[in-house]
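Take a look at these structures.
Each of the next two complexes has chain A plus one other chain: chain B in the first, chain C in the second.
Let's turn to the complex of A and B:
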């Protein structure tokens, strides 16, 4: 399918920003958690890799280009876990509200 | 689905993954200890030093090198290197005639067992879009000038096959041990955006 993810050969992205040897593997703890949860949920059979890829490929160009790499993973986790019925959108909204409240206290 | 709901303010990623993690644990789909173990493996155990050891072995042992180039997956297993995202490994030999460089234009496929997780630039739009179109200019941005007489081959990884470049052995390293040779092998030299370190570069890095 045509998708912004199929970016090879596209023009206009400018210079490559190289890393420094001191850069951490994960820029923040949430990135590390997103990575690990995704791999474990995949290994545990919650969804397969193609569903995960397809979810990222269906992101709109604006969402895809304006969010970071691990935000793409987060997006696909939310998308496929709800689509596969692992939890419902309502349960997710509820869990989000709960963690947000806990954070504020 | 979440991305259809454009009116809600986007939540902090930290909260989103925490909510997902909480639900998966509640549903018995996720062992919380496994999350920390997984992070520890990728943060502290896997990485390009593993690939560097493989390259050094190939430089020392022509028979091993031949096996590595013929069946990368099997030859890596001889050194106990295997695992997730390295199930089908293909090793590309850089020579005075041909320079190989690896990308994943669609996303971020990368040989985890030999290199660990990819750097941010490898997953970025500029690298993925440009390396296939103008490899010479992109490599020059990395400080690597490839002469016009040398062919550049760009390999696009996918979710099945993973590539790794085998850099050329630097001059002046005759008689070196495997450990010494491995010091010359950088992550970027195995992606193909650099050559192995020269002796001068090695000395500079250690001073």
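Let's turn to the complex of A and C:
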């Protein structure tokens, strides 16, 4: 699809900022968790990598450009697992609320 | 399902997308070809800037799972994969920054014989 992810040849984004070799692979623990759960779900056959990439392409342009690389992964993970029926949107929202409540206490 | 002892290996090398298929490759190395023009709302590995452009076959990469189909529940639909070379001027016209080239790996469905 002609999505914002197909950015090749576009002007105006400035130079690419590269990580230094000494930078940590994951900037925060949630990034490592997102990576791990994504790979586990892939290895477990919940979805395939091409469906995951297409899910990222379907993000709205504003969301895509204002979120980080692993936020794209998290978006596709939630989107595809709900689409595949691994859990429902309601179950996911409930689980998030439970975690938020536990953290407040 | 990936066995536990394979996890470290799979992380290091990735899971191969190469597959055996019965049909011979349609293009040979050195062939002058052209990319198709399409604008599907579904997944495609052919970027917009490289559609309807002349290029040449640089290498044959074997048959691979075809993401354009695989992303949408049609199964792996493996196809022959080629490394192709686009000259800068073909992609960017007079605004290109001089001689040079862009290389992409594209599936057989993305390519036609020049003049087709």
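To be clear about the criterion, the second predicted complex is superposed on the first by the 104 of 105 C-alpha atoms of A that agree within 3 Å, B and C clash if a C-alpha of one lies under 4 Å from a C-alpha of the other, contacts with A are read in each partner's own complex, and residues count from 1 in each chain.
What we mean here is this: a contact is a pair of C-beta atoms (placed from the backbone, for glycine too) under 8 Å apart; a residue touches a chain by one contact, two chains touch by 3 or more.
Being a predicted model, the structure only gives us computed values, none of them experimental.
Asker: With both complexes overlaid on chain A, does A:100 touch chain B (first), chain C (second), both or neither?
Answerer: Touch partner of A:100: chain B, not chain C.
Asker: Is the number of chain A residues in contact higher for chain B or for chain C?
Answerer: Higher number of touched chain A residues: B.
Asker: Between chain B and chain C, whom does A:2 touch in the aligned arrangement: first, second, both, or neither?
Answerer: second
Asker: Which partner does A:86 contact after superposing on A: first (chain B), second (chain C), both, neither?
Answerer: First partner only.
Asker: In the overlay, answer first, second, both or neither for which of chain B and chain C A:53 touches.
Answerer: Touch status of A:53: both partners.
Asker: Can you give me the overlap between the chain B contact set and the chain C contact set on chain A?
Answerer: In chain A, residues 6, 8-9, 39, 44, 53 are touched by chain B and also by chain C.
Asker: Considering only the defined contacts, which chain A positions touch chain B in the complex?
Answerer: So the residues of chain A in touch with chain B come to 5-11, 13-19, 23-37, 39-41, 44, 46, 49, 53, 56, 59-60, 63, 65, 69-71, 74-75, 77-79, 81-83, 86-87, 89, 91-92, 95-96, 98-100, 103.
Asker: Write out the stretch or stretches of chain A touching chain C in their complex.
Answerer: 1-2, 6, 8-9, 39, 43-45, 48, 50-51, 53-54, 57
Asker: Tell me, which parts of chain C touch chain A in their complex?
Answerer: Of all residues in chain C, those touching chain A are 1-2, 7, 10-11, 39-44, 47-50, 65, 67-68, 70-73, 91-92.
Asker: Can you tell me which positions in chain B touch chain A when the two form their complex?
Answerer: 1-3, 11, 13-24, 27, 29-31, 34-36, 38-39, 42-43, 84, 103, 105-108, 116-117, 119-121, 123-130, 132-133, 138, 141-142, 156, 159
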